[in-house]
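Multiple structures follow.
Same chain, two partners: subunit A is paired with subunit B first, then with subunit C.
So, the complex of A and B:
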């Protein structure tokens, strides 16, 4: 049984009275502990794919399964097992942290979810748990009482990563986690993600338009163009020997940089 | 400049609050009793003079401030308590269930407070409560529409999706994430609505649809002064000035708060 399965999934948006197809006929399986990169240009459907995996979007066709159970058509109160075992790191830490909450309340939030509180292996959101979460992402415990605007961009994204890991998930979806950060802190945040994912043995879905980032963190890569998976395989193979012209263009673009 | 607006608003409101607070425990004379000869000009012991029956104008003005603030607080709080949750719910959902409260608010907008008060007064009789309920009901749509629009904006932020991914229930998302982030704009709306409520209550009292003769409101004082407009025009000045000060105070406070909370204006300064 795969951790995540997408079976013949399609996604359609309605924009300005017209249907816009974001994904079509996607077949995908992600195993526990696997690190999968999803690459493609802007508007290719990679973020839609990530949001579908977490039940944030409803597919227009097909089925999405998490740990063998379909998440489609279920009301939110019956998705407890998904909410307790999957997390997400967003692209923009300015937007993903509530500006009116202190860091301690932001980071502890996943532990307040009814789904997570039903799990016996998850601790109460006390000071020691928060301190360990902060230490895990290289943040000083004194920052717990700060508001997001009192932190640097890199610190904010580290805090977002701490929040996503505090409930010890089985799946972490990271949507362009470093693209909004300064070049100087990108490597630090990527190293942090890589270390945490490896140590915890959790599955990672890394959405990026940057093949170099995916090559550094992932075992397998999926290339999406216009909502279709045009190529997938082990990172080394796809990056060194691409078979689809779109992948070739992406690799060329990466090398020319 | 924007701090000046805020401070001026707070000062004017402060005058009304002090007048009402002192009026709660002490007035120079009993505001409902005849304590002097009619139409005395300002002097001693009646600092602002007496009205057409001989009641002390300052005492009635102080008593009116109390009613004015009570009407403002009750009607705006009532409208916010009903309108804000409906607006947030509407902003957090999609489809016809989201549109329904907005359309109902549009219909309610068509009924001005005055018309509602006349209907209510016809049904249960004119009183302070009639005025408060009418003003409150007429103010609800403003809160529904504002809370809905502000919630839409907040819902587009990543922290809402982060909460959804974590499995935080919708009610908790509304209380923990949406409400604190829309509170500043609601505060501005409350302040502006407060000014409108005071003006509406004065208007309703002026028309005899608000408080009874035993409660000396500013609107009622203005109506009574109308009969002596040519022999004692100063009688109309005091309640008119009080209404203007209170209304202007809350409007300026609303403007000041809006400027203070608007990040674009803050960056321009």
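So, the complex of A and C:
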């Protein structure tokens, strides 16, 4: 049984009065502990794919299964198991962290949903749990009482990572986790993600248009163009010897120093 | 002759450490200078100072000479004329830089009209001509669209057209490709490279690899100061300031074996403790 399975998944949405096809006929399986990069340009459907895996979006056709169970049409009260096992880190920590909450409440949030609370193995978010979560991402424990706007961009993204890991998930989906960060802190956040994912044996789905980042963190890469998977394979092979013209264009457009 | 001479420019907001601290650089009429730095380094404040777009409470000292004319202390009325004519800016976020309630063609038309003062019919021609020059394939359809109906790349192209339609002598680009994916970024950088020929350009970015695509010369800003400036290839090959060395090393993600941690700027340079 794969950790995540997408079977003949399609997704459409309406914008400006027109229907757009974000994904079509996507077949995909992600195994426990696997590190998969999803690359493509803006509008390729890569973010849609990430959101489908967490049940944040509903496909217009097909099935999405997590740990062997379909997550389509699951009512809110039965989502606790999914929330406890899969987390997401978003691109922009400015908008993904609630500006009115202190860090201690933001980070504990995944432990506080009623459905998750019902799981006996989830610890109450006491000071020691929060302090450990902060230490794990290299944040000073004194920052627990700060609000997001009192932190730097790098600190905010570390806090978002602490929140995503506090429920000890089996899957972490990261959507462009470093592209809004200064180059000067990007490397540190990448090191942190890489260490946490390896140590915890998490499955990682990393959505990015930055091939260097994907090459650094992932073992397998999936290339999406206009909602279709056009190429996939081991990261070293796809990024050095792309076979699809779209992948070639992405590789060629990637700037390096 | 230099078209832009910035000498000992200092910008303060209140009593804090200056946001820009006594920086100097010059730009020839067809030169391009990249200004690189992280957020808070003073790079954007520098470009806003040149454009005369700083908030009123900013205290500016030193000199910004453009085409022989002093801009520090220039009245807003004069500045407005300058911005419509000889100096313009390409912003990072075209969605906020464009007016969402106005069709793209009308917004561009205002710039065309301002510069040429022509009759109505020829304004439309000017708009379509400019949209074509920035590589928009269906100029008439795009001109009649609202900004939200365009893709990110089309919006940035439209913004480049608006910045250039007044045929400015100096263009300030502030992170013009940061919000774009790599494919569109490549297209916009190529477009800028062509369209900025025969003009002077200041190109502000946090990304040295992006600046290198457009600018032969770079100034590195840190904590309001320029810590080094010169030929970009030489600086990449032999950075003199440890901060620059850190920026370069941390950007070379693809060169570090996966079992080794990535170097970060902090491994090379630690900021002095705040007093």
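Some observations on this one:
Keep this in mind: the second predicted complex is superposed on the first by the 254 of 257 C-alpha atoms of A that agree within 3 Å, B and C clash if a C-alpha of one lies under 4 Å from a C-alpha of the other, contacts with A are read in each partner's own complex, and residues count from 1 in each chain.
Criterion: a residue touches a chain if its C-beta (ideal position, glycine included) is under 8 Å from a C-beta of that chain, and two chains touch if they have at least 3 such contacts.
If you're wondering where the values come from, they're calculated on a predicted model, not measured in any experiment.
By the touch criterion defined above, A:245 lies against neither subunit B nor subunit C after alignment on the C-alpha atoms of chain A. Of the two partner chains, subunit C is the only one that A:212 touches; subunit B does not reach it. Touch criterion not met for A:126: it reaches neither subunit B nor subunit C. In the superposed model, A:234 makes contact with neither subunit B nor subunit C.
Legend: residue contacts after superposition of the two complexes on their common chain; A:95 is shown touching subunit B, with no touch to subunit C. In the superposition on chain A, no residue of subunit A contacts both subunit B and subunit C. Residues 157-159, 161-170, 172, 176-177, 180-181 of subunit B touch subunit A in their complex. On the side of subunit A, the complex with subunit C involves touching residues 16, 41-43, 153, 182-188, 190-191, 209-213, 215-216, 249-250, 252-257. Residues 54, 56, 76-77, 79-80, 82-84, 86-88, 90-92, 95-101, 106, 109-110, 112-116, 160, 163, 167 of subunit A are the ones touching subunit B in the complex. Listing the residues of subunit C that touch subunit A in their complex gives 38-39, 148-149, 151-153, 180-186, 206-210, 212-213, 236, 246-248, 250-254, 256, 258, 261-266.
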